[in-house]
Structures are given as C-alpha cells and as structure tokens.
C-alpha cells in the first residue's frame, strides 16, 4: 500500500512556522505576575515580608490552585461544577467525622474525605452522563442539596458547626514552614508544609491531561462528544471520571483550607465558587472544553492572590478594594489580549 | 519546630508605639461606631495609629489575609471580630505567636477556650434572652413567638437560639416559639421576602417577633407596620431606621449592644497589654453589656451605655489586668 | 467583467492559502473554479464574499475596486453564496434562515407572513416540499444543503458563488439546481461553480479557472478548450496517469467477517440480511435517506439491533458501543459527517489520529508523544495528507485532507472490518482515485469492507457485490460486473420497485 | 418528508412540563394549607416577591441567548436600587426621575459590560466577574452598610398597591416579560440576537453583526437589572448595600430550569417565569410549614433535578425513532 499514494510536494518550510515564544499566553501571565510583584513591592516594601506576606500567601495560593484545578477537571469536558464548595465541605466533614469517630491518623482521615469528595463528583457525573442534562443544572441542584445536608450533618455530629478535635499533624501543617526544620545550620526555604501537597496535585493533574490516555480521552470528549463516541472513547465513563476528579480535588482543597483555618467546619468551601472559575479561566482554560492549562491555573490563582494581597497592603477600604480588584483584572486581561492579538498578527504575516 | 513552642517573649511598647487595628468580619452597620471609637481611643490614649478595616467580606480566609497584611504594615495590636468563631482561635494563636496583643471584640470564639488575650463582647445568649424577655413582656406574658436570625452554621446563632429558648422556658408554657427562621441575614431582600411570607402564612397567630440579626430586624419592623398586625417586634441595635421605629411604636423594643465600648475599651486594654501588663486570666470573657430600649427610654439610653463603657474601663484596670 | 480579482494573497497562521490568485467573471456565464483539495478555492470564495479580508490583491466590481469589510458588504453588492460548509442557524425555522440577511420588517418588527411567503417562493424555485416552519435542526444533511441554496437564491444577486453545492445532493436534486443556474445565467447573472464532480462541471460550466497551491494556473479559459484529463493535469500540476484499478479477486473464505441475518433495528430497519467476507468490498448503495448510515450506527451499538443476528467471524455478537466494536471485534467506522463525528476540529492532527490507538502507545501508563508523532508521519506519507505541522488543528485543513485524517484514525486502529460511509464526498479527483486505490488495497490485505456510498460510479468501481437499500430495507443484492451502464440501470430499477411485504416468518 | 410530529408539539416542550409541575405544586400547596394559599394576603405576598426573581431571570436569559453569562446582574440591581434611593433622599430628585435614572444606569453599565466583551474579546464570564466586583464596590460606596428608608411615599405606595388583586410590581414584571418575549419573537434586533447566539458564524455570513448583538444583549440585561432595582425600591421600602446578593444563583436557575440553553440561541420567557414561580412556591411552602432552611435547600435541589430529569425523559421519549418500518420509503419524498 505504501506506493499507492505519492507524497504531495512538501509544504515549504517557511509556511510551517508556529507563533513566537512571547505569544505564549502562559508567558504573558508570568510577565504580568512579575510586573504586579514589582509594582506592589515598590509601593509597599512589606510585600516581600516573609512571615506576614510570603508565607501566608503561599498557603492561600495552595488552596486556590487546588480549587481551580477542581473546576479545571470538568472544564476539560466543557462542563461546570457549581458544587465545588459543597463537595469540599462534605469531604472536610467526612475527614472530621472519621477522626472523631475512629480516631484514625491524619492520612487515613484525609483519604476517607477525598473518597467522599470523589464519590460525590462521580455521582454528579453519573447523573449528567446518564440523563444528558446540563452539568450546570445538575451540579447547581447538587449544591443546593448539599448546602442543606452539610449543616444538618454538622448539627448532628458536632455541638455546633465544627469539629473540636483535630488529628495530629494539622497544626504543624498550618503553622510550620520548611525553614523550621533544620539539619544543623541548613534550614529549608520558608515554604509552608502544605505547598508540596498542592504542587504534587497540580503535577499529577497536568500529567493526567497531558500524557495519560484517560486524561486525553476526557479532553477529546470535551472537544466533541459525538466524535469521541464514534472514536470508541467510553464517553460516559470519562464524564464520570472527570467529575470524580473534580470532587476529589474539591475535597483536597477543602482539606487544605481546613488546615489553614485550623478546623474542619461547615463554612469550608463557601467562598470557592468564583475563585474556582477565575484561576483556570485567567490561565487560559476555555469554558468550551477540550483544552486545559494546569500551569495557567497555577498562574491565575497566584495572580489573583497577589492582587488581593497587594491591595490589602495598600489598605484600601471595602469600596475601593473591590473597585481596584475589578479594574486590575480588566486591565491585566486586556493587556494580555493586546499581546495575543499582536502575536497573532505577527504570526500571520510571517 | 515552631508549632511546639507556644509563645515568644514580647517586648513592651509605649502607647505611641502601639498601632491598633480594628478588624470586623465584614461590612455591617453594627461596626460603624468602631471608627469613631477607635479615633477617640487614639487621641485619648495617645496611640501611634488606629485603623479600621472591614474588607474581610465575611470570609475567614480573607480576614486572615487582612490581618497578616496589617501585621506586615506594622500594626501590633488587634481588636478582631472573628468571621468564624469556631476557627478564630487559630487566627488568634497565629497572631499571639508573632508577639502581638489580640482582643476578641463583639464575639467570642466558640467553645470554652479563648486564645485571645480577652474577649470583650455582648453575651449574645444573654442579649437574645433579654430580647425574648422584652418580647414576652410586650406580648403580655403569653402567646406565640417567632425568632428571626442569621447564619445557622455560626455558633453565635446557636447561642442566640438557646437564649430565646431560655426566656420562653421561663414563661412556663404560656409562650411558644412557633418558628425560628435562620439564614435570612445575608441580604435585606431575603429578609423582606421571608417576613412577608411569614406574615402571610401565620400573621394572625403571631404575637411577637424577636430579631437577633440586622436585616431581619429592619424587614420585620417595616413588614409588621405595613401589614397592620398587632405583632410586637423586638429589634436589635440602634440603626436610625430602628430607633425611628421605636419612636413611632412600630418596634416595641430594641436590644442594644455596646460597639463603642468594645472598640474604645478594647483599644485601651490592648494598649495596656502591649505596654507590659498581663491578663489575670488570659482569655477572660467580659460582657460589654446589652440594653433594652423601649419608647420610654429611647432618648436616654446612650447615657446608660456611656456609663457602662466607663465602668468597663475601670473594671479592666481593677479586675482583669495586672500591671507592674 | 462583472467581478474580477487579481493578485489575491491570504495567509493563515502557518499556511499561505492564496498566493496571487486571480479570477474574472463575465455576465451570463457559469465559471468553474477547480483545484485539488487545499488549493484555495474556498478561501477565494470567502474573500470574494467578504468573509475573509485578503492580505493583498484587488477585487473589482463592474470595473471599480471594492473593499468588503464583512459579508454584509458583499451581500449588498449583490453577491450571493453557498459556502462549502453548512451555515444555518439550527434553532431557527427554514423560512427564517432563508431570509435572515434581509428579514422583512416594519418599524423593526419582523413581518412573519412575508417571511413565510418569501421562503415558500425560494423553496418552490428548487421544487422543494419543505415546511417553512420546521426547525432546521430536524432536516437531513441534504435538505439543509437545499435550504442553503434557497437562501442564496432569495435575493436577486448578480453574482452567485456555489462552493461544492451538490456534494450531499442526489443526481435529481443537482439537476434541478443546474437548471436554475442555467436560467440565471440566461438572464445575465454570473455564477461561479466549485466542484469536484468533473462530469457536472463539464456539463454546466462555460469557462474555467484552475487553482494550484493558491495560484491561478488557467484563468478564465473557455472550458471547451480542455479535455477532462487536461483539466486534471492542470490541477495536479503534472501529467496525470488515468487510474484504473487493477482487477481484484476477493479472497475466498468460508466464514464471513460480518454477517447480518434478518436484522431489525431501533431506527426502523427490517429484514436486513447480507454478509461481507474478508478481502471483499460490499457496496451499500441507496439514495440519501435510505437508512444506510443508521444501519452502520446500529451495528456499532449506537442504536440497537432489535431482532435478527449480527455475527462477526461466525460468532453472534451484541455490540454496545464503538469502543467495544473496535477493541473486541476490530470493527471501524469512517463516518460520513466528518465535521461533527469524524474529527475533533479544535484538536491537533496528532490527537485526531492517535485517539483510537492511545492504549497501544503508552509506556508506564503515559502516552509517548514520539510514537504518536511517528504514527502521524506514517499516515501523512501514506495518504498524502497536506499539513503545515502535525500540531496543526484538524479544523484548519482543507476538506479533503480532513477526510484523510478521519480515515487515518481508523487505519491506525488496525481493523479487520471497516465500514466506510461516503468516503469521497468533497474530495478532488486525484485524491478520490487515491482513496479508491487505498480502499481496494485494504481489501487486498484481507480487510472486510462495507462501503456505503451514494456515488454510483464509485460503488461500481470498487464493490464486489452491491446491496441496494431504500426505505430502511435491503431491496436486493447484485453482483458487480463492472459495467456501469448495466449496473446503474438494474440498481435504479431495484430502488423503484414497490416493496413486497416480507412473508411472515 | 417533513413528517415531524406537529399536533402534540406543544405538550413536549419543557415549558409544558414546567407549567404542569407549577400548577400541580400550586394546587398541592393550596390543599396542604387548607386554602390559606388562596387568601388575599398570601397571594399578594406570593406575587409581590415573584416580580424581582422573574425580571432578574430574564436579565440573565438575554445574555444566555448569545451564549454568554452576566455575573453582575445581582449586584447591578443592588447598585441601581441604592443609586435611585440616593437620588431621591440625598439629591432630592422626584421619584419618576430617580426611576428613569436607575433604568438608564442599569442599561449603561450593561452597555459597558458589552463594550468590554466586544473590544477585549475576553470571555464575558470573566469580564462580568470583574465588573461584578467593581459594582460591588460602587454599591457599597453609595451609603456604606447603612439602610436607606422613607424615600418616596408615592413610589412605595405604588409598590404595595394592587390592580385586580394582583400587585402592581408583579403586573409590571409580567408586562416586562411580555415585552422581552415579543422582542425575541418578533423584532429584527431580537431575531438577529438569537441568530448570533445560535450560530455566530452563520449569523455573520447573513450580515448580522455579532458585536452589535453582544452589545445589545448586555445593555438589555443591564436595563432589566435596572427594572429589577426599581421594583425592589418600590416594593420593599428600604434598601441597603446587601440588595442583590441573593440574586445571582436564582438568575441562572430560572432560565436554565426554564429550558434556556447555555450554549445560546434559545430563549424561553415562559419557561423562565414558570421556573421563578416554582422556586417561589418552595419559599412559600417553607413559610407555611416552618421548614428549616436546610430542608428548603434540599427540596429546591431535588425539585430542580426532578424537573430537569422529567424533561430529559420526555425529550428522550419524544425523540425516539418512531419511523414505520414498512412504508417509510414510499411515503417519503426522496427524489
């Protein structure tokens, strides 16, 4: 069969030029990040204060990166998870309950909680894939149902709204940085202990979507359900898996927040919804599915936290703070667009 | 490891070195008097600086962020209304570990421990109890009561519910709580809708409404007035709209707290602590007082409150603080 | 000249689609625009209708230069167009789609009765019996295409550009379209016809422009000056050897690779029985709407087989989905609807081809990009896929090259049984011949091929046996003797014989 | 060949399903409350507080129609409400002027949203997320956390008045809904907007300006938020910076339960209004039976899922191929 078709004349090499490096959207975000850091440091040198700025900021970024990844897991399908916050709350509840009832060590509690999160996600995925109902609706309804359930459960299992006792190790995760652990004179960097958890999660998610078959098939399902089905991809199973992953990551985010706040409580996840979209979408993940950017999500979460921290240091009052957050976002995004458009134009002319 | 050593040695500060931050849980009318009270504390006690920051947005994560930002800016004394009473001890703990003085203002941590130096707050259970008492009295000692309040997953709400229950129990069966509606303090319209639906459903059976949150208070005062029902409304705080209601009779009574005292005396105590004093009982809970205001005392209540504030200040000197 | 363009240049990221193309159009004539897949025909059409703005070159209308800033400008200038892809608002009714660009209005309010009347008039032009109020989403591919044409006819355009208008139409429907085209040119309109069906082109067109690699190689010549082979030579750019397939002898085998006995499906098929042997090409012919695509989908488990048996290599099977068909039974399906079902338009070519075989390309659970890239390279050479880079998005390829990618994915999957649905719709002559060779070659290697096609010459060229389908039933089966005339007559006869109710079993 | 089902088409729509559910719910609640539901007070309260959810659902619907979202509808409503109260109390404007100003402000902010989307080409979700925080700041800036009250007795009286037993605010909302319905069904601009939402490329090829559709949709969404603000100011008698916080999720819930596709191109005014009606029913049931909020959330979640599932099942049944096996070929025109 090899000789049946001659190769057509090769496309001239000049035709096949990809966009220049500076057109990479992630690079744009990175530049934006650097500019913001420089700007805020110039205005408020305490922006580089290790104890009060850098360490807490890393802890917050860790939470919101994982929150963003939880949403990203379903954005890959072109779906949404409106219940990220409540899945986190349920997952944290399970962790607290496991410790309270079974007294199991931290790792076991966390695993139990993550399993609950993944289970809830899988449930949403199952309903979506079986009925074909829009994910927005299903997860929104699930969110409503879980809001009620979370407070009912806390009322039952605790005398209030949070678990009193925490498994050992939570406190260390919250307060310690690697700098507190020294071997002789050599101490670690001032990085909170929870940062590696988020980093590993991000790497695994990146690995999944970039190189694993399951992850790629999820993306293909997001790109076109029909084509995916006709290419032999088990579409239903991939939908369930993506949602389960979203639930799992929500649970992890809930755990990280519980670590930062110091307790498993009913309020965990209340403020997750908007940041969960903000980080991936800022990072260039589209809402239509088929493409995700883990690095972008990381940068998106970091940029939002940097803006927030910087404006906080500038001590704006509520109204100004809100105003400037919005303005900075719009300006930053617009600049990014300008860069993108310029790059496209250059690329087209080349 | 840092988590092992409990506290670090703190150095003493002159009043002029004290930079006081008053941090509510979010924007709310209740906290507005803190601004003026903080300024007054600054001039009266010669503090280095006082700031008021309400950008927390009712989110504990954000509040923690606000607090560390303020610390980075050089603030070293904190009067905090914790967003999440169940978690706030960790926040206090963090700040204490850095050597700051911390007062829990207007709300105490949930549970029995208080990691702040002190808690200066309305005893919410007591305030709700007083409000329910006032309602029962206005109702003539019998009838049906409804309790409107805020976020159910907040330990303060639980205490308020308990306070109302206590007053009802004391009425010996003649008063019944026929409904406790939670989660309607998020915004005014939710409260208005809930009140309208409540009045439509059971308006004729209700004799009194106890409010232990701001938006429901505004909504029920207006709702009852408009429906023309003979329901006794007990409101909370002294927002102009509510005081106007007390004056025109649409609000039977309102239960006031003492935000000025909390900020002013709290600031005083924090200054003292920063200057080397210690708490006799670290984490002591001090009631900043609650006052029932009816038409009778609507013009004079502020003197009572002023007196309470003054006595609070001397109480701190006399009872709570040990100074070298 | 009504419309003329010269020196048009258009560059897409990484691809120069037009490189100085020219075209001039005289009133009262049908002008054929020919070229291989990816030569730039559609791009030219889109520039002339204001969809793309050219990077260089000029367009003149009645001798005056014009600059279209958008499709509306071209519409206003009296240029109507049927694009290669369907461009209907699927949520809207047929009527509204037809008149969308000039909705009858009074004070900003749509006059619905006028909309319906106007649409009815256009449908009547095409002799189309469609409910103007039916939503477009309920139409078949062919019906949608006809609506698209009706839309172009709804205003009295001086210039009409038709980009592959008949790709999804039956002969009858195409004839009706060409009758209208002739009527239009008779009254002084100018028509541009882009088509890979050279028979039609020679029957209809007066003059011709041939595009090759974005340049015009024969511009505005009378078509009668060329023979069919000369045109093809121009398109291909070198002397073109007429392809004639070597005679193939199907491998004789006892067990059919795929056999259907009295199959009925949830789509409404009944009593369908045939079998395909390894090395055999079984042609399934029928008019559009005959139910062949649905039969294929039912076999793959996308619909369900409600009665009868389907056997693969002699074993009765129940297939629940494409994945199972592929991995358990090695059955592949090349869809007729490549845009929606065959390709992931927004994904790189590598992933489009690798998707069926990722499980074979993994190491430690991770896919090796290197293996995927070499797979693509392999098929790029074997099928002659014209691409800028393997990372290019599939949607950026020209139609024919998209079709090749859609096929490559199934070739990569190494199937024993391949169902090929309308493989050469919208494919240029050379590629079509290559496809035919390819399919014959696959059969030669022992693959059992079920070829679904509405292209009679194609079926007669390729198939060993021909099943004729109409109304969701198999009307009969003919051995192919390779004589086009005779075969076509007997097939048409089969389609039009009334159905004798099957004897109850 | 167009043998698509015709007669029972209306029974298969999601509006019909919703209508049946809403009616059944209403009747059920009437029976369960032994008629209290039909008492004048309850009915009035029911419809009075249905007005804003309806209008805010429509405000979201018009942007969903072009396949975008507007996260700022809720806070914009609050901002316009605060602004008009400020104009009446602090600036001393007459009520009618303040009302017009609120509407204009809403439309203007919406237009700005649209302009940002068109000129930056940033996803509307993100643009409106950013403007949402900006407007939140502005809303707070008007009067801090304090409450405006006693602005215009006339306006408030109007907000509490009834025509033929129906609250004026509800009647206004219905008129607005009809207007929006007619806009999408009958006007050229509305049809173009829908075409842009359904298939932007096809619309562009037909000479429709997608940019104009985007601007129009966002401006209209803002205007409707302005209407919601005016209704709020009129019916509640007091407003503060918390107004609008509870509107974002309902703004999505109503159109989506009502059958509006997130992808754009489809709107359903009836469905949106019916969905708002359903959610309101749950509110009232809660008040009538003193159900805890947690249970309400659970019930709303269940109802939403239930309605949607029923819709999906109906859809599946309706689209099941029902082609007659024997005479399909001959009856269809295949020439």
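Going in written order, the chains are labelled A, B, C and D, and every chain counts its residues from 1.
Here, a contact is a pair of C-beta atoms (placed from the backbone, for glycine too) under 8 Å apart; a residue touches a chain by one contact, two chains touch by 3 or more.
Every value quoted in this text rests on a predicted model; they were computed, and no experiment measured them.
K.L.:
Taking contact as defined at the start, I'd like the list of chains shared as neighbours by chain A and chain C.
P.N.:
Chains touching both chain A and chain C: D.
K.L.:
Roughly how far is chain C from chain D, going centre to centre by Cα mean, in whole Å?
P.N.:
43
K.L.:
Between chain B and chain D, what distance separates the C-alpha centroids? Give it in angstrom.
P.N.:
Distance between chain centres: 37 Å.
K.L.:
Rounded to a whole Å, what is the gap between the Cα centroids of chain A and chain D?
P.N.:
30
K.L.:
Scan chain B for residues touching two or more other chains and write them down.
P.N.:
Within chain B, the residues that touch at least two other chains are 27, 152.
K.L.:
By the touch rule stated above, which residues of chain A touch at least two different other chains?
P.N.:
151, 318, 321
K.L.:
Between which chains is there touch?
P.N.:
A-B, A-C, A-D, B-D, C-D
K.L.:
Tell me, which parts of chain B touch chain A in their complex?
P.N.:
1-3, 27, 51, 53-55, 57, 59-62, 64-66, 68-74, 84, 86-87, 89-91, 93-94, 97-98, 110-111, 152-155, 158
K.L.:
Spell out the part of chain C that touches chain D in their complex, as residue ranges.
P.N.:
It is residues 49, 51, 70-72, 75-76, 81, 83, 87-92, 96, 100-101, 103, 105, 108-110, 112, 129-131, 134, 138, 143, 151, 170, 172-173, 264, 266-270, 287-291, 303, 470-473, 498-499, 501 of chain C that touch chain D.
K.L.:
Touching residues of chain C toward chain A in the complex: what are they?
P.N.:
That would be residues 11-16, 55, 213, 300, 302, 321-323, 325-327, 333, 335, 340-347, 351, 355-356, 358-359, 362, 365-367, 369, 381-384, 386-389, 391, 409, 413, 434, 437-438, 441-442, 445 of chain C.
K.L.:
Quick check on the complex: what are the chain D residues that touch chain C?
P.N.:
Residues of chain D touching chain C: 1-2, 4, 186-189, 191-192, 194-195, 198-199, 201-209, 265-266, 320-321, 323-330, 332-335.
K.L.:
Using the touch rule from the top, collect the residues of chain B that touch chain D in their complex.
P.N.:
Counting only chain B, the residues touching chain D are 27-29, 31-32, 152, 178-179, 181-184, 186-190, 192-194, 196-203, 215, 218-219, 222, 226-227, 239-241, 244.
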